[in-house]
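Each of the next two complexes has chain A plus one other chain: chain B in the first, chain C in the second.
== the complex of A and B ==
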C-alpha cells in the first residue's frame, strides 16, 4: 500500500486539514474541473444572481437605519426644509433621515432600488433566453418551475419594498392593490382586511410588508436559488449547437480557474455598475413626494417597470358595462380581467409551457443541446407575441406621459393601444413565424448552394453564372443538426373490430394543438439532398434554388422523424 | 427501459467528438458531426510580449480598485453632507464613484485575467444519464420497498393510516385559526359602507381643517375637502383611515352649467352650483385630483377614469364603471357648508357585498 502523500504547501495543508474533517476532497473532485459551456447569454442568470447579492448587501445596510413603524411622528430634523414639522409615519421619517443624515445612506438606497429593477429585468431576460432556446425541456422542467416561482417572488419582493417608505406614491400603489383585492369575488373584502389588519391603510401594513420583504421573501428566494443552482450543476449546463456538441457531452471551460475568475469578475462588475447607477442617477426621492396622505396624488406617476403591465392593463380596460351585479352581489370584471385574469393567464402559460410543449411534440428524450429559435417557429412566435402584449400593456401604463410629451389626446392613445393589444400579438405571432420559416429556408439554401461569392463567370457559350462557395462543415453542421418534429399521429377512433376507443377525443385535441405547432415546418437538408443539389449544379441548373419538397406546409418527402 | 428512452441521443453518441469526422458513423439521412472546431490560439498564447502587457493591465486594474476604495473613504471623511439636497447629492456621488471604481477595478481585472492569461483550451466532458442506472436503481427500489414493509402499513392498518394523515392535515389549524382570527382586526367589513360624514358635519379645507363658508366659494374654484374635526383627532391613525374614505372634491359651477346632479326627486344635494363628490375613484380607489375647469371633467391621474362634474359625475371615459358618489350638502345657520348626511352609497372601488 502506498503511503498517502503529506501536503507540503500552506494551501495543501489547509486543504488536508479540511478534508480530514469533511471529506471535501470528493466534492472538489466533482466540481473543480467541471466543464461549463461559454456564451454571453448564459450570463443573464448570473446578473440576476449577483444583483440579488447586491440587494442583500445594500438591504442589510438599510435595515440598520429603517424603522418599520407607522407610528405618527412630527419631523423634527432641519433638512429637508419642506418636511419640517410635518406629521408622518416613523417609516417615512427614517427613510428621509437615512437619506440626509447617514453618509452613504442615500447611495445605498439608490443602489438597492436600481438593483431591484435590474434583478427583475435580468430574471425576465434570462427566462426569455431559456424559453427561446428550449432549455426548459427535459430534464430541466423542474428547474423552469423553480425559476418561474422565483420570478413571482421577485415581483413580490419588489412591490413590498417599494411600499416601505410610506410616501404618497407607494401609499397610492397600496391603495390600488387594495382596490384590486376588494374586487375578488366572495372573499375580496375579507382579504383586504387580512392584508391591512382592518380598513385601508390602518397601522399594520408597513411592519407586515417589512417582515415579508426582509425575511420571508428573501428566505424563500435563497432556498430556491440554492435549489436552482444545485439542479444546474447536477444536470450540467446546456450548450448551443455546434461541432462536437451533443446531448451526451458538454464542451467548454473548467470551473477552476476560468469560471471562478469570470464569475467573480462578473459579480464585481455588476456590483460596480449598480453602484455607479446609485451614485449618479437619482431614484425615488421620497422627500419630494411627501409622507402618505390619502388625499393628494401627483399626475404622471408610474410604478416600477415590472408592475407597468398590470397598471397598463388596468388603464386599457373599458369600464362602463363591465361591473355586473349577480343576485345582489357585485362582480367588477373591469378590475378582475386586467388585474387578475391577465396576470393569471401569463403565469399559467409560463408554468405550463414545458409540459404542453413536450406533450404536443411527443418528446420524452433528454435535451442538452439548445434550439436555434428559428428552428421552433411556433414556440418563438408565441414568445414574441407574449412579449408584444406585455409591451403594449407597459406602454399603456405611460399613456399620460405620452399624451403630455407628444401633445396627443389621451383618449385617442388609449383607443389605439386597446386595438393594438388585440391585433399586435396576433400580428407579431404571424410575422415571427414567417420570419423563422424564412430563415430556415435560407439555411437550406445556404447548405445546398453555398454562399454567394460575388464572382461572375462567363462560359464559352455566353452563359453567366455566379460562383457559390460551399459551406465548411462546421457552418453546415450548425444549419443541418436540428430536429423538425412532425405533428402527432394518433390511432383511429375505432380499432380493427370497429370498437370505439376510450380517450380518443382527448388525443384528438392534443393532435390539433400539435398540428398548430408543427404543421408548417422546414426539414434540415440531408446528405442525399446535398448530393442531388451538387449533381444538379454539375448539369448547369443553377437557377433552381429551392426544391419543391422543402416547401412549407405541404408535408415532407420523408417519413416523420421517429421519436421516442 | 431507461437506456432506450432516447434514440436520438443514442444516435448522436455514435459520432465521436473529434476534430476529424472521418471515422464517424454516417447515417444516410444525417450529416456527420464535424467535431469540436480547431482550437485557435490567442495573441497572449503566442506572443510573450502581449502576455506581459496583459499582466501589466490586470495589475494596473487592481491598483485602480485600491485607489477607488481609498478615494471613497476620503470622500466619506472630507465631504460630509451638509443637510441640503445638493450636499447630500455630492456626498452620494463621491462615495459612490469611489466604491464603483473599487468594484469595477476588481471585476474588469478578473475578466481580463481570465480572458487573456488563463487557459482557454476547450474541454469535453461526458454527460451521464440522470436516471439512476443498473444495480444502484435496483438497490434503491428494494430499499424503498423494504422500508415501507418494515413500517408495517402497506395495505393494512387503514385506520392507523387515516388517523396519521388526519392528524398531520389538521394540526396547522391550531396555529392558523388564532392567526387568521386576529390578522384582519375586527373583520367588520360593513365599515366599507360608511364614512364619518353625518348630518351637519361641516366641510373643511384639507389639510388646514378650516371650515368653509358658502360665500367664500367663487365660481370655478376647486376645494379639497375633509370633514371638520378636532386637531387631536387629525393626529391619529383613525383619522388617516377615515380620511381615506371621506375626502371630497368640491367645485362651484355656474348654476346654469350644472345640468344634473345625483339628488333624488324632491331633494337638493347641491347648493347654488356648489357640488361635492367623493374624491375616491370608483375604479381602484386613487384620489381623483385633476379638474379641468373648461370641460368640468374630473380626471383620475392613476388610470385616467374621467367623470363629468356638470353631469352628476358620470363616467365619460376610462376604466371606471360607476359615477363618483355625491355628498349631499347645504349651509347651516352661520353660512358654513355642511353635509346633509353620509354618502347615499359606498364610496370607492366595488366589492362583492357592496349592494348588500
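== the complex of A and C ==
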C-alpha cells in the first residue's frame, strides 16, 4: 500500500518532499477545489491585480536607473536635441537618460505609466461593479473598506509617481498641491513647509515622494491586497442571481484547473496589452515639458485622469469673493471647497456607504447573491449621480482642450459645466431611479404574463387575445428572487406609559432617510400572485389579469402596501 | 594730454563724461539697432499693383488708405512682415467675422502678396519680411529655442506647439504646420491676440532658435504615437479606449468560454 502511494513523476516527488515538511497538501487540496462563480465582471479586480504586478516589475527596473535627487546638474547627453546643455535636476536628467540611453528604458517607463492608468481605471470599474451589485453588504463591508483604502493609496501612488521626473508638467501639479495644502485653515502654511521642507519647491520633495512611491505606498498596497484576497477567499465570492444560486451556496467551477488556467491566461493578456501600449503609444514624454522651473506653465497642463476631478473642481470654482480675510488671516474658500471639501465628500460617501445602507435597510443578514442594479433603484441612482458629478468635474479639467477641439468658448464651457455640476447629478438620479422602477415593472409583467409570442387568437365572440408564452424556471428565478426592503418602522415617540423615548429623534432621522431609499419600490411577484395569474391565463380570461397587475404597478408609487 | 589729465578733477568733468557716454551709446544703438524699414528692392510698379490689390480686396474694412476704420486696425507702420504673415496664411482677407481670423487656403499668390506687402510697407516703416537666413532652422539651437519657447510661448501654444485655448473662443493655433517664415513673422508682428516679441525682447538669433525647436517637433517625439501631444487627458482617454477596452474584451471572452 505504502509503495503504491509514492509519487512517480518529478513534480509529484517535489510536491511530496514539500508536503512531508510543511503539510501544505491539505491546504492546497482545499484551495484547488474551492469553487468560484464565473462572470466577466469578476475579472475587473483581476485586471487591477495583474496591472499591479506589471507595475512592480517595471517599477523595479526603473529604480535601477532613477536618481531621486533635486541637485542641479547640466545635461550632457546627445538626445534629445532640445535638452542639450540645459540645467536641470538630477531626477529629470536620469529620467531622460533612462529613456534615451538605457536599452528598453523608454519601453519600461511607458509600460509603467500605462499600467498605472489602467491600474486605477480597473480599480474604479471594479468598485462600480461592487457598488451597483451590492457586493459590499454584510459580510463584506470590511473588504469594501480595504478596497476603498487601496483606491486612495492607488491615487497616492499615481500622483507621487507622476511627480518624480521633476518636469514642468508634474511640477505645476505639485504647485497646485502646495496651494491646496496652504489653504487648510490654521495649519496650512506649516503643513506646506513640512511637506516641502521649506518654501516650495525646496530641495526635498522628490526624494520624499520617491520613498513614498517605491517603499511606503507599494508596501501598504501589497499588505492590503493580501488582506483583500484573503477575505475574498474566506468569505467566498459573491455570485449573480440565477437558478439554484442562494446565499448558502456557490455555483461555479473549481479553482484548479479552471481558474488557475484562466487567471494565468489573463495575466499574459494583461501584460501583453500593457507592453503593446508601452511599445506603440507615447506617454508622458517629459523632455517635451522640460525640467521643472516654477515660472512657466504650458497650455494643456492637466494631471493624470484620476486626479482630473480635483483639477476640474478647481477650474469650476469662481475666484473672486471666495478669499476671505478674517482678522488678518486669509481663508481661501476658492481652494478649500473644490480641492479639500469635494474629494472629502466623495471619499466619505465611499467609506460610509455600506454602513449607511445597512442602517436604512435595517438589514442584518448575510448576502452572497448579488443584486441586479434595477432592484435597488436608489442605490443605483446614487451611484450614477456620483458618476455624473465626477465626469462633469473631469470634463471641466479638460475645458481648454474641449474649447480648441470643438471650437467653443472656454467661458461658455465653464458656465455650462457649473450648472451641470448642480443639475446633472439630480437629473441623473431621477432618470436612473425611474428607469430602474420601469425595468422592475417590466419584470413583473414578464413573470405574470410571459413573453409576447406574436400570436393573436380570435375567440368566437370576436375578442382578440395575444398568446403569451410563460417564462421558464431560470428566467422566472432571476426576476422574482430578490428582496424589496420597506422603509424602517420605528416605535412611537412615547412608550406604553406615555414617557418620551430617548433616541426617538435620531431614529426618526434614519427613518426619513430610509423612506428616501425605499418609499418608491416594486415588490417581486409572490407565488400567490403568480398562481392567480396562471389561473386566469388558463381560463383564457386574459383581460381580467391585466387590471390588477397594472394596479400593483401604480400602487408602488404610494407609501408601502401591506402584503403578506 | 597733460592739460586733459590736469583737468580731470574739474567739476564739469562728470557732465562731459556723461554726455560722451550718452553720445556713444546712442551712436552704437543707431548703428546696430534692427533696421525695421528695410530698403528692399521694390519697384514703384510693385507698390502701384499692391495699391490696386489693396483697394479691391482690403479697403472695405481697412479704409481706402489703410488708415483703419472702427474696430479695424490701421495698417500704417505694420510693415511687410505683418502683411506677408496674414495674407500668406490665408487669414486675410478675412472670410467671416468671429473671435479671431482663422487660417485658410490662401487667396493670393506669392507675387500679389509681395505687391501688397510692398504697398503697405510704403505707407510707413515697419518690420520687414525675414530673410531665408534668419529663419533657417539648421542654424538655430533647438535646446535654447525650447527654453525660450517654454517661458514665452508654451503657456498658450502648449509645450510642443500643439496649440491651446484662449478666452472667449479665441485660441492659439498649433504650430506644426506653420512655415518657418510665418513663425518668425508671428513673433515679430504679434498677430491677433499674440503679443509682439520685438528684436530687443527676443533677438533674431533667439527667434531662429525657437524656429529650430518647432521644426524639430514636426518629426514627432520618441516613444511611438504621440496621441496629439495633448498630455495626460488624451493619455487617459486612450488608456480607457484601448487599454481597458481590450482588457474588458478579453475578460468577456474568458468569462464566456465556460458558460
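Just so we're on the same page, the second predicted complex is superposed on the first by the 531 of 564 C-alpha atoms of A that agree within 3 Å, B and C clash if a C-alpha of one lies under 4 Å from a C-alpha of the other, contacts with A are read in each partner's own complex, and residues count from 1 in each chain.
We adopt the following convention: a contact is a pair of C-beta atoms (placed from the backbone, for glycine too) under 8 Å apart; a residue touches a chain by one contact, two chains touch by 3 or more.
Keep in mind that what you see is a predicted model, and the values were worked out from it rather than measured.
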item: Partner chain(s) touched by A:121 [first = chain B, second = chain C, both, neither]; value: second
item: Which partner reaches more residues of chain A (counting touched residues only), chain B or chain C; value: B
item: Partner chain in contact with A:189 - chain B first, chain C second, else both or neither; value: first
item: First (chain B), second (chain C), both or neither touched by A:269; value: both
item: Contacts of A:480 with chain B and chain C, given as first, second, both or neither; value: first
item: Partner chain in contact with A:80 - chain B first, chain C second, else both or neither; value: both
item: Touching partner for A:507 - first (chain B), second (chain C), both, neither; value: neither
item: Which superposed partner A:399 touches (first chain B, second chain C, both, neither); value: both
item: Which of chain B and chain C A:410 touches, first, second, both or neither; value: both
item: Touching partner for A:70 - first (chain B), second (chain C), both, neither; value: first
item: Residues of chain A that lie at the interface with chain B and also at the interface with chain C; value: 79-80, 99-100, 106, 110, 253, 258, 262, 265-266, 269-270, 273, 279-280, 282, 293, 295-301, 399-400, 410-411
item: Footprint of chain A on chain B - complex, ascending; value: 4-9, 12-13, 15, 17-18, 21, 26, 28-31, 33-37, 76, 80-81, 83-85, 88-89, 91-93, 95-97, 99-115, 118-120, 122-127, 129-130, 180, 183-187, 189, 191-192, 206-207, 224, 226, 235-237, 240-241, 243-245, 247, 279, 283-287, 289-290, 301-305, 315, 317-322, 348-356
item: Sites on chain A touched by chain C in the complex; value: 38-44, 46-47, 79-86, 99-100, 106, 110, 113-114, 117-118, 121-122, 125, 168-169, 253, 258, 262, 265-266, 269-270, 273-274, 277, 279-285, 287-290, 293, 295-306, 308, 397-401, 403-404, 407-412
item: Chain C residues touching chain A - in the complex, by the definition given at the top; value: 99, 142-143, 145-147, 150-151, 154-160, 162-169, 171-172, 213, 216, 221-227, 229-240, 242-244, 246-248, 250-252, 254-259
